[in-house]
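Two complexes, one shared chain (chain A), two partners (chain B, chain C).
After this line comes the complex of A and B, so read on.
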């Protein structure tokens, strides 16, 4: 994801701002890291460049 | 019929590929969006609609519940976000939102519990995903924003438009195509 995506995404649960923590960056792209809700503290992973903003109870990879 | 679940199932089980419905929506979306717009391809699937909007000059965010679809969208050069419909997006950020929803009415006993089913099945009414989308899309649209929703006659066209009207949207058909078993319409939703 690009850092400018921060202007578009929010916590899916309470719509509060997220705080970006970068672990691995490649040029403009953030490949690994996390997004933490500044309100509820929930942590959302960024893996292979894709932020996973599903709430925790929906996060499993299995189909519904 | 073109989108029979059983037919699709033999072909692909992870990501719904672009078909007639995607193409109809992609064309309408590409005509609508302007250069510099920020748009959402909601339930991006193969990424087809998002890629067309990007070629029209928009910044495209592509979201999907399905991680495989998110990976394909990213490989196609779109900004991918894994999420449930409109939940992970801020209020008022999108100039346009395009959505080709899962819309086939499906009996519970014929559901398969895989990603292809998630991409196709709209529950027993066909509207199980469309209604929450209509509940939430007004929040993420900019004041003059437009949502484009693909609606099949199989889903109950009047019911969908009625539901949208109850949520404060004016509706107009911007593209339409008839097939032997269904008519597909792209409906523009504005306020």
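After this line comes the complex of A and C, so read on.
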């Protein structure tokens, strides 16, 4: 994802701002990192350049 | 398991084959976009990005949102192959990770019928209304009983199999709408219907935020 997306995306649950943490970057593309909600503290991973902003109960690691 | 997760996992599984069979944009989407433009475009349930590609020609920036990561990778490949820009987000149509009042032009086609119940579907339409800018427009479509495949007057829940090459079938949840039911659902949300049509077995509503 591009860093300029930070002005557009928000937490899917409470719509609050997100805080970006970059682990790996290639030019303006953020490949690995995370987005943390400044309100509820939920952490959304950025993997392979695509942020996973699914609500927690729809994620891969959610309990079945 | 929650139905929304099940649908997402199904599309992750069939993503590659599904994308191959979804080459061309729908004429109804092309007709909606004709003469429209804006700063930010949004494709909810973007799949392989065939409609995000159309939006990219009419807006400065396009967001493609899909619950399935497999489909988002297909969209990324298509965008690279065809040379259009799209910002891809893994997200749920019922909980959009997009700030309010930003989107000028949106398409939400052939996706809402995968959401598990009326409350969730109306909630997703409220979400679309929330992200639309004043003056923004969106096209919402769903599969309907008007399709020749179905012999029903009233809307119903069903499972439609996807057949992979090799013959394996993968089930997908659908709510098949009666056209008037779809219209009522849109009108119950924070969206206002500007025009409504039934075409090729799908219902289409052109919508804006309720005043």
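We take it that the second predicted complex is superposed on the first by the 60 of 64 C-alpha atoms of A that agree within 3 Å, B and C clash if a C-alpha of one lies under 4 Å from a C-alpha of the other, contacts with A are read in each partner's own complex, and residues count from 1 in each chain.
As a working rule, a residue touches a chain if its C-beta (ideal position, glycine included) is under 8 Å from a C-beta of that chain, and two chains touch if they have at least 3 such contacts.
No experiment lies behind these values; they were computed from the predicted model shown.
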Which superposed partner A:52 touches (first chain B, second chain C, both, neither):
both
With both complexes overlaid on chain A, does A:10 touch chain B (first), chain C (second), both or neither? both
Taking the superposition as given, does A:38 touch the first partner, chain B, the second, chain C, both, or neither? neither
Chain B versus chain C as contact partner of A:1, first or second or both or neither:
both
The intersection of the chain A residues contacting chain B with those contacting chain C is 1-2, 5, 7-13, 15, 48-55, 58, 64
Given the complex, residues on chain A that touch chain C span 1-2, 5, 7-13, 15, 44, 48-55, 57-58, 62, 64
In their shared complex, chain B is touched by residues of chain A numbered 1-2, 5, 7-13, 15, 48-55, 58, 61, 63-64
The chain B residues in contact with chain A across the complex are 38, 61, 65, 67, 70-71, 74, 79-84, 87-91, 93, 113-115, 117-118
The chain C residues in contact with chain A across the complex are 1-2, 4-5, 8, 40, 63, 67, 69, 72-73, 76, 87-92, 95-100, 102
